[in-house]
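What follows is a set of structures for review.
Consider the two complexes below, in which chain A is the common component and chain B and chain C are the respective partners.
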Partner chain A sequence: MTASRTTLALLLFAPLAFFAAFFLAPMAVVAISSVTTSDGALTAAHYARVLLDQYHWDVLWVTFRIALATTAICVLVGFPLAWYLVRIVRWRAWRRACVILIIVPLFTSNIVRSFGWMVLLGRTGLVNQGLMGLGLTERPIRFLGTETGILIGLVYILVPFVVLSVGNALAKIDTVYEDASADLGVGPARTFWFVTLPLCLPGAISGAIMVFALAVSAYVTPALLSGGQITVFSMLIFQQYSTVFDFHYGAALSVTLLMLTLVLVSIAGRIGDGGRRTA
Partner chain B sequence: MIPPLHMRGENNMARIHGLATASALALAVTLAPASAQDAGKGALHVAWYGGNWGDAFKTCVADPFTKATGVPVVPEVGTSTVTLSKLQQQKDAPTIDVAWMDGGVSELAEAAGVLEPITQGGVPNLSAALPQAVYKNANGIYAVGTGYYSLGLTYNTKEIKAPPTSWNDLWKPEYADAVTIPSPANSSGVPFLFFLHKIWNAPAGDFTPVFARIKELKPALFFDSSGAASNAYQSGEAIIGAHFNVGAFDLTAKGLPIGFTVPKEGVWATDARLHLVKNAPRKELAQKFIDTALTTDASRCLAEKLYLGPSVKGVTVSQETAYRLPWGVDGTVENLFLLDWNEVNAKRAELVDTWNREIARK
Partner chain C sequence: MQPLLSIETVSKHFAAHQALRDVELTVGAGEFIALLGPSGCGKTTLLRCIAGFLTPDAGRIRIDGEDITKAPPYRRPLNTVFQSYALFPHMSVLDNVAYGPRRAGVARAEAQGRAREALALVGLEEMGARLPRALSGGQQQRVALARAIVNRPKLLLLDEPLSALDLKLRRRMQIELKHIQEKLGIAFIFVTHDQEEAMAMADRIVVMHGGRVEQVGTPAEIYRAPASRFVAEFVGEPNLIPAEPAGPGRIRLAFAGLELAAPDGTRCAMIRPEDVVLVEGAAPADLATAGGTVEEVVAIGPMTTLFVRCGDVLLKVARLGMSGAELQPGAGVTVGLRPAALHLIAE
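So, the complex of A and B:
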């Protein structure tokens, strides 16, 4: 028994050491530099500079607005897609092909995919050519440098997370519940609303939380698709670390974003838990 | 004006160093056999940039160096700022011997105390370098340029027949929504503001008129990375604006209708510089490497491959390369607007902040 316990300890040690080295230590560096001055003295000045400035709240609002919209659209698009894959597709090979199609883009770097969108959404890009060809618009619509452009890029990148987590939840639902509901004379719409939806809500919420957290912290996609004309919070952080070299102020910005995101995510998590309990 | 930044960096790094040691220890246990580290023991470690820059540094400097000395070169790939943070972190026990960093970051590295003076005795070819390319302060020579690149006026030759002659052309109504200039996230962003400040004769230290005019500009985008600029010119999203001569002529070389011109006000330029790392483990070889980079052959090679304006005296290049140099066909280093980076670094935080508030929001 002791031997296996030692093995277990050793096995656990490796991931824990890895976690400490690559997650906790860098986090600690950021947290410490956010509350210290260049001389190492404790200070709240960096946080005061972040929190007492209306500008930062404006940027936070833009950031969270884009992230919330991304999350909502991802759920609205991802849910039916997951439903289609799990409930409608009967042919195994086709389902597998669909899942691969959803997953493969995740292997490509965000930079490349965002550059792709820059070309597609440009003034002379495919999207505008299509819209003008169909006579839907006379002049090219401006996507780059707008929140719509950023939204399109983020939704495209993040929708697989919803599909996978909702699909997983849907696949786990035992259809006897739905059969029972039908036996009791409830129509399909009400069955969906009162039985199926609550059962896959935890999956949807965990997918939504992933999307939201990734959208709030996304840098590459907003930086490229905003064309430098819209600022999201991660861009402010990047600037401090890469151009201005003020690691203390940059750290305070990072911790602020992290904390606010955690608050929102934990609220969402609570709603998810509530969903599970009532179900 | 630099000391606060310097101190900031140092204390930061001391702190990071402690934690980094702790995490390195944890990591060493996880990834015990680090034999890869021993492989590069006799080699010279040189920090340089990625992509075609790194390739050119290898062909033009590292390969001739290895041929002459028999010592292999191990590249440490990273942008200038990444290299600077590496140097700060390994300050007590450096593994990098020589580092390429751009103008601007070079001054920050000197202020952070990670550089060793380069001497004529150690690097005889120093006397072959242009006087402008030798950077010194009270401590001695802290950097030497290995080639200039500029941010010039770049345009789509299909859309714009006559080459533009002035930076002010960017404000012409016919180019509305199709213009691009660098954002402060790009290394040229803040210096470009200084350049505009100078060509518009704005009052000393006051950037209000510069921001006022940029606010009137109708851009397609403000580019963060040189790649984003290339992408915009390539797709036709931008038909006129600023771009590096290196990036613009890369597009031309691919057969795209892109022109690069030095307008009448001139161009802002900077350079890629070589630095000797303080307490470099292989100082002799490091000096020899810098010496190799300052030969006419190396300088010509960098000009042919990256269109870098030679920083070594008396370098002649092919006709084709000549018009791709940062100063244009007939120019010399005298035509470049080279900034005092210490001045730029001192105002950097303020200008980035103003840009965010004034320009980068709707």
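So, the complex of A and C:
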């Protein structure tokens, strides 16, 4: 009995210790350093520097605008893809192949993929060649150094998360609910709107939250595709930590971004819950 | 008179499996039909063809004379109670029931009024605000019923709706369903694999086997005069006494040397265990009797079944209550039966 209780305590302790060491401790370090000076005294000066500077708000606005647009496009692109994989593909081998095609890029480094887009989206890149070849544009469109370019890169990298979470939610929905809706005289389009969509909303929202969190904190893709023209918040943080070495100011920037992200994510979570109750 | 539903030589196959073969059936307005058969007999496939979730390979389905064989489910004037109930988990009980009228364009207040009426009919008017998962299985079953009858369809399909309930609740729901059906005058097609359930509720039973309709008849007809050995064995407990030809138009049974007039090809005679009696003293003249040995006694309270060996035949003798329960295996008894109670089966 005592032996098993000890085992139980150890089993509980191990994940707790892991969680504390690798999640709580680093967060605590960042949080503490954001409100202290280099000699350890409490101060709000870093936050004042962050929040009172209009430049930071401009960068935040760009960051959140890009992240929101990325999330919206990812959901709009990912949902039909998930639908196709779960509901339309009947042939199992093809479905598996599709899932592998979606997952394999996740094994590749962001840097490599973003660099790939740099090449594709360049003035003489494949995308512009294609557009000009098709006669859709006279002269090359400038993608690099624009928000559009960053958006393309982020959507490409993050869309699998939506496909996987929506696909998972869709696969779990028993089609008997759609049968029941049809049986009650409701056609396919409205059945989708009133039954299927609300039922997979939690999956869609968790996918969207993941995409949003990753897009807000993305560094590599914006950095490579911005061509130095556009600054997102994670670049400011990176500068403070790697170039300026002001860990306290950098920490304050990090905590600000984290807090704003949490606020938006919790609003999204609320919307998801509300949708479930009233739909 | 035109039947409410007519099913004309409907066939359906899945890959190599023939699920329905030339099924014919007509259902009148307000009738209670039970589709009875073992799993895999095609009863659920037939129900899904009627509901429109499956399209038959051949044959026609008409409702009120109108061909609906290829109509999608949402254009059919009927509703279904699903085996798993299929209540929308993200809607309250009231919204579930009001869903049909609401989406058909009925104003919110009006739709909710109708939903409350339907819920009252199944005794759940207080539960409207709850989510389906907060209800017990029996209550969910009632909500599913309320949702299916809220539009007052002429035909209601029920796919083993009671199979998830425990025995006691199931018995109660059987009676309640029957009452609701009579009150509303809706025709019910009720899929079940439980012969007692079918007998207790249905006006007519459709016994299905291997994708075919084996027999259609009232519960009494099915029970007393099963059309085949399969029906005899599936519905109730039969005594099947083998027969052999004894001259043209006659057979001899393997019981008491009994000879009967019978059509050619008759392979056995069936008699229900309650029609076989134990004879003490002098037997009445119209009883054919034979001596036998008790092999086993099964007393379950309301009924006692004796297994009596008479030559090659093992006869089941059913008696009311605990009468006969005192007999020990090995005891010698005389069993008797009325030849008129025998039902001949060609097989």
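Here is the rule we go by: the second predicted complex is superposed on the first by the 272 of 279 C-alpha atoms of A that agree within 3 Å, B and C clash if a C-alpha of one lies under 4 Å from a C-alpha of the other, contacts with A are read in each partner's own complex, and residues count from 1 in each chain.
In the analysis below, contacts are C-beta pairs under 8 Å (C-beta built on N, C-alpha and C of every residue); 3 or more make two chains touch, one makes a residue touch a chain.
Remember, it's a predicted structure, so these values are computed and weren't measured experimentally.
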Fit or clash - chain C, chain B, common chain A | fit
With both structures superposed on the shared chain, find the angle between the C-alpha centres of chain B and chain C as seen from the C-alpha centre of chain A, to the nearest 10 degrees.
-> 150
Answer with first, second, both or neither: which of chain B and chain C does A:D246 touch in the superposed model?
-> first
Greater chain A contact set [chain C / chain B] | B
Given the touch rule stated above, what does A:V186 touch, chain B (first), chain C (second), both, or neither?
-> second
Name the contact category of A:P105: first (chain B only), second (chain C only), both, or neither.
-> neither
With the two complexes superposed on chain A, say which partner A:G269 touches: chain B (first), chain C (second), both, or neither.
-> neither
Touching A:F194 in the superposition: chain B (first), chain C (second), both, neither?
-> second
Between chain B and chain C, what is the shortest CA distance in the superposition, whole Å?
-> 42
Along chain A, where are the residues that touch chain C in the complex?
-> 174, 176-177, 179-188, 190-191, 194-195, 198-199, 276-277, 279
Chain B-facing residues of chain A, complex = 13-14, 17-18, 20-22, 25-26, 28-29, 32-33, 36, 38-40, 55, 58-59, 62, 115, 118-119, 122-125, 142, 144-145, 223-224, 227-231, 235-236, 238-239, 242-248
Touching residues on chain B, where the partner in the complex is chain A | 4-5, 7-9, 11-12, 15-16, 19-20, 22-24, 26-27, 29-30, 81, 108, 177-178, 183-185, 187, 189-190, 219-224, 227-228, 231-232, 235-237, 348-349, 352, 356-357, 359-362
Residue set of chain C touching chain A in the complex reads 51-53, 72-75, 79-80, 82, 84, 86-91, 99-100, 103-104, 147-148, 151
